[in-house]
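What follows is chain A paired twice: with chain B in the first complex and chain C in the second.
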Partner chain A sequence: MQARIKTRLLLATPLIGFGILVFFLGIGFGLAKHQIHPSAVLNEPFPEFESKTLFDEAQITREDLVGTFQLVNVWASWCDGCIVEHGLFLELAKSEVISIIGINYRDSADDAKTWLYERGNPYEKIVVDPHGELCVDLGVYGAPETFLVDPEGIIRAKQVGVLTLTAWMEKFEPLLEAQVEQY
Partner chain B sequence: MIPELGHFSAIMGLMSAIGIALFGFFGAMRNRSSWVDMSIRLSKVQVAVLAMSFLLLILAFLDDDFSVLYVANNSNTALPWYYKVCGVWGAHEGSFLLWTLITAIWTVLVATRARHIPLKLHGYVLGTLGVLSVMFLAFLIFSSNPFDRLVPNVPIQGADLNPVLQDIGQVIHPPMLYIGYVGFGVTFAFGIAALATGKVDSAWARWVRPWVNTAWLFLTIGIVLGSWWAYYELGWGGWWFWDPVENASFMPWLAGTALIHSLAATEKRGAFKNWTILLTLLTFTLVLMGAFLVRSGVLSSVHAFAVDPQRGLILLTIFVLVAGGSLVLYAFRAHTLNTQVQYWGLSRELLLLINNALLVVAVFTILLGTLYPLGHEWFVGGEEKLSVGEHYFNAMFVPTMLLLSLALAIAPISRWKHTPMRLVSNALIFLGGAAVLALLLPWILADGVHLGVSCAVALAIWIIATHVIAWYRQRNALTLGFIGMSVAHVGFAIAVIGVAVTSVYTVSRDFRLEIGDSIDVSGTTYTLVDVQSTESPNFIGERARFDFDDRRSLFPERRFYPIREQITHEAAIAPGFFKDRYITFAGPLANNTWGVEIEDKPLQRWIWFGALLAGLAALVAMLDKRYRRLSQRDVETK
Partner chain C sequence: MLIVLFVSFTFMLTPSIDGFVFESEAERKRYGQLIEEFRCPQCVNTNLAGSDAPIAQDLRKTVFSLMREGKSNQEIRTHLRERYGDFILFRPRFTPGTWALWGTPIVLLLLATWFLLGIREKRNAITLNLSDLQRIREISGERT
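Here is the complex of A and B:
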């Protein structure tokens, strides 16, 4: 009788081992889920920069961004994801919820202008970043990426990849509302 | 329209998979041959619709249909047609479609080629394969659909295929791996069916063995191709990196190797039944775990696919359901299979047991090294991601393999039940000879004796010697099974020599050269003759010309792919039986000089040659006449 129980227990050991394995995979997965986009820039001041705007080639610096909430969107004419999220930006611009600043990332000015001409321009101002220096400071992986910058110039939220409506509603809008009340 | 048809075909595949599972399981439970026949018929439908789906995705790539998101992300009009085809399995969604197609192919093969096995067993096997198909296809359709559209705003140009994947090795490497992985799904299904019917005997082992060998053959080819691809494409001369994704393919390979050996004991002696069944389950568990690790973004790696938390969650669920479910079944049912088989001393049973123990230890060592970073992150909570290096793996893995070699050398002279001492002592004489040879060879050929290399080479020569002698003694009664076994073992020995010599005696040097400079590496003089810029529709770069040995030249290249802003180094390799010459071109440095790395890698080819030899041996063993079909079902009905 006892031998039988022993055999049964022995045969259950793989299952127990498997349980431990799944536990570790699970926590690994939980960690990965939260750390997929480690954001070193979150809650840090928007980096200093000095560049030109796309259309009127006027001087633009960090000072031009502070004062109100800004949605800063890194985009380029060669980027597919930017086409996907473009509709949302046009909507946001139309409803005037927030002012949108574009950073034109590693692009040629002509391509960028044609792209905007064809699809509509949601941006209040567009900073050109032809060599990607500003984007390196921002910790950008690739276009598109989107940042929420508060009136004091602190980055409050960040989206890597396409800004979906869900991401906007869950990550950006609540911050905007909460902090508008605060100011 | 074409992408929608492809999507629809995949859904049809899911429907047939549900049918295969239901008719298979219930047919087996109720013992109805008409239901199992229905399952067989549906497996043909499934393979047809999934092949259709796959062809339609290829068509979307050839058409440059950038309205399909997956095509837009992984192809480009500038890409040559054959890379457009490879782009189909260059990223997660398409490669998973290929995975489901391969599952369907294996299913239809088992359905049609294994009609000789008992009805109940066949039904359970097909039912299990059907369940696997259902899960894979549901995952594909609901969270990894390669046919998703990108509308409106269709891009006029795609993002290009990852440049390191634009290569011939990449065309065949993933399909081979997947065939091997899913092949172990077939042995998994046989394991589940054995637990369900409660019958594991020598006939069962004979039915499973050809499937295990085929899966193992393809996995071996896949791993060799992957290693060869990393060797010449990633540059810098490495051929194995202990990268999590490589480990993910290597662990099932080791477990599968253990399974092949344990099956031998189960077939011939009815021994290790429980253990064999457990190995069929564990091998596929490791396959699924690998799929989860690679496709969920839990571990970072050069090979990892794009990260998506939702996908990871679904894969984890599949993993827990399939592997966990099978182990629950095992815990409750395996005791019915227990048998007592007696053996004494250095019997073949004991050697196979040692083989299995060591291979399982190797699997756990690698598993621990691969998952350690996760545990560390959780317990210590460090900010930086930790990764376990080559040092750990080599320190743990190499001694295990040397012990395995030791057991392997006695294998061909061993007997079932009990091996006479006379045979063992005869074999030991050869060990002496091999050891002398192993110490002399490096002393004659290279400068300096390395103790580890000598040990490995001595063991390898000993393995080859004992197998040749066993072959000679059995020359009048050679079976394909025996030939396969001995050739596989010799292949292993050759690979051991290659690994040992190449890892220790490789000479690698970095230079900063001007045009016209000559340098000397291991007795060969290399001259940098010139550097020319190269251009192709999707990349620009520089190509250097090195002359050596009078009339021979090598052309290493550095390429820049503007669309993805990625640099690749195309190493130039002069392969040889005794050594490879390997040049990596790092590109321009200051003052008109060029960065170059030159390596001299002795016996590099032996590693892959040995592994492929072992793979082919598995094919030979499979053709042994005892695996020819005996139509048992016909016998039963007569």
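Here is the complex of A and C:
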């Protein structure tokens, strides 16, 4: 009797192995769908940096960004997605819900300025990052990308790609409201 | 003359990749190995060495400058992982999240071994039975 059970178990082994494989592959594919861009910098401090602003070429460091909530947007004049999300940033700037900092990523100053003259400038300050050093420290994949930085300089939310109204309302706004009450 | 020319050409060609000038062949080799270890964040299944994406260029530059700062390979790996996550490492670390990844092949190997040993045992049992049968026949044949 025991031998028969053992035989059955033995015959079922390849099936069990296959089951295990399917199980882990299932988990793996599930993860891949949602975590193509995992956020390693989430809840980490905004990196130290030292650069210049786009228009007045004044020195700007991390210290200039802490103290209030900031929406930090990585953009460039060559970036198509940035045109798509630009309307939302102009709206946010007009409603004054949050101050918006631009990081001008791998761009020429002239192109960047022209782009802003044509489309309007929602940014309170613009940090230039022509060689992408700051963006590497921010774990940026490409423009556009947007971060919510709290008054202590901690990154609280991150959007890879175009910041849609839905993403803003679901990922950014609740954090802003909850934490404004806290401070 | 030709040899001298050839040698001087190869000498001129070796020290630089991406416009970086290397101090030694060892440094160039180390750089080459490091940029093969990291996944380009933009073109998912390409490493930094094989990608033309702007972000890959920036990350190669980061690797080079970290090397120049005297950082060890492990420190460079950590530096990039802290910014881009485990995703950037082609060779995953052993963490609670990846034990399944490292463990599954071992478990499958053990299962397969157990299965194969089981089959062999079964076969042995059958041959034994047959020879037993024969022996029984022989004995019974002798008797009848």
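The definition used in the following text is that the second predicted complex is superposed on the first by the 154 of 183 C-alpha atoms of A that agree within 3 Å, B and C clash if a C-alpha of one lies under 4 Å from a C-alpha of the other, contacts with A are read in each partner's own complex, and residues count from 1 in each chain.
By our rule, a residue touches a chain if its C-beta (ideal position, glycine included) is under 8 Å from a C-beta of that chain, and two chains touch if they have at least 3 such contacts.
Computed from a prediction, not measured in an experiment: that's the story for all the values here.
Shared-chain residue A:Ile154: touches no atom of chain B or chain C. By the document's definition of touching, of the two partners only chain C reaches A:Ile20; chain B does not. Once chain A of one complex is fitted onto chain A of the other, the partner contacts of A:Leu175 are absent, as it touches neither chain B nor chain C. Looking at the shared chain after the overlay, A:Val41 reaches chain C, while chain B stays out of its contact range. Applying the stated contact rule after C-alpha superposition, one finds that A:Thr7 touches each of chain B and chain C. In the overlay built on the shared chain, the residue A:Leu138 is in contact with chain C alone; chain B does not reach it. Applying the stated contact rule after C-alpha superposition, one finds that A:Val66 touches neither chain B nor chain C.
Once the two complexes are overlaid on the shared chain, A:Ile83 sits against chain B while remaining clear of chain C.
The interface of chain A with chain B overlaps its interface with chain C at residues 7, 14, 21, 24, 27, 36, 106. Remark: chain A residues 6-7, 10, 13-14, 16-17, 20-21, 24, 27, 35-41, 44, 106, 131-133, 135-142 touch chain C in the complex.
Chain A meets chain B in the complex at residues 4, 7-8, 11-12, 14-15, 18-19, 21-22, 24-29, 31-33, 36, 78, 80, 83-84, 86-87, 106, 119.
Across the complex, chain B meets chain A through its residues 69, 72-73, 150, 153, 155, 157-159, 274, 278, 281-282, 285, 289, 292-293, 296-299, 307, 309, 312-313, 316, 319-320, 323-324, 327-328, 330-331, 334-335, 338, 367, 371, 374-375, 377-378, 563, 565.
Those residues of chain C that touch chain A in the shared complex are 41-42, 44, 53-55, 58-59, 61-62, 81-87, 100, 104, 107-108, 111-112, 114-115, 118-119, 122.
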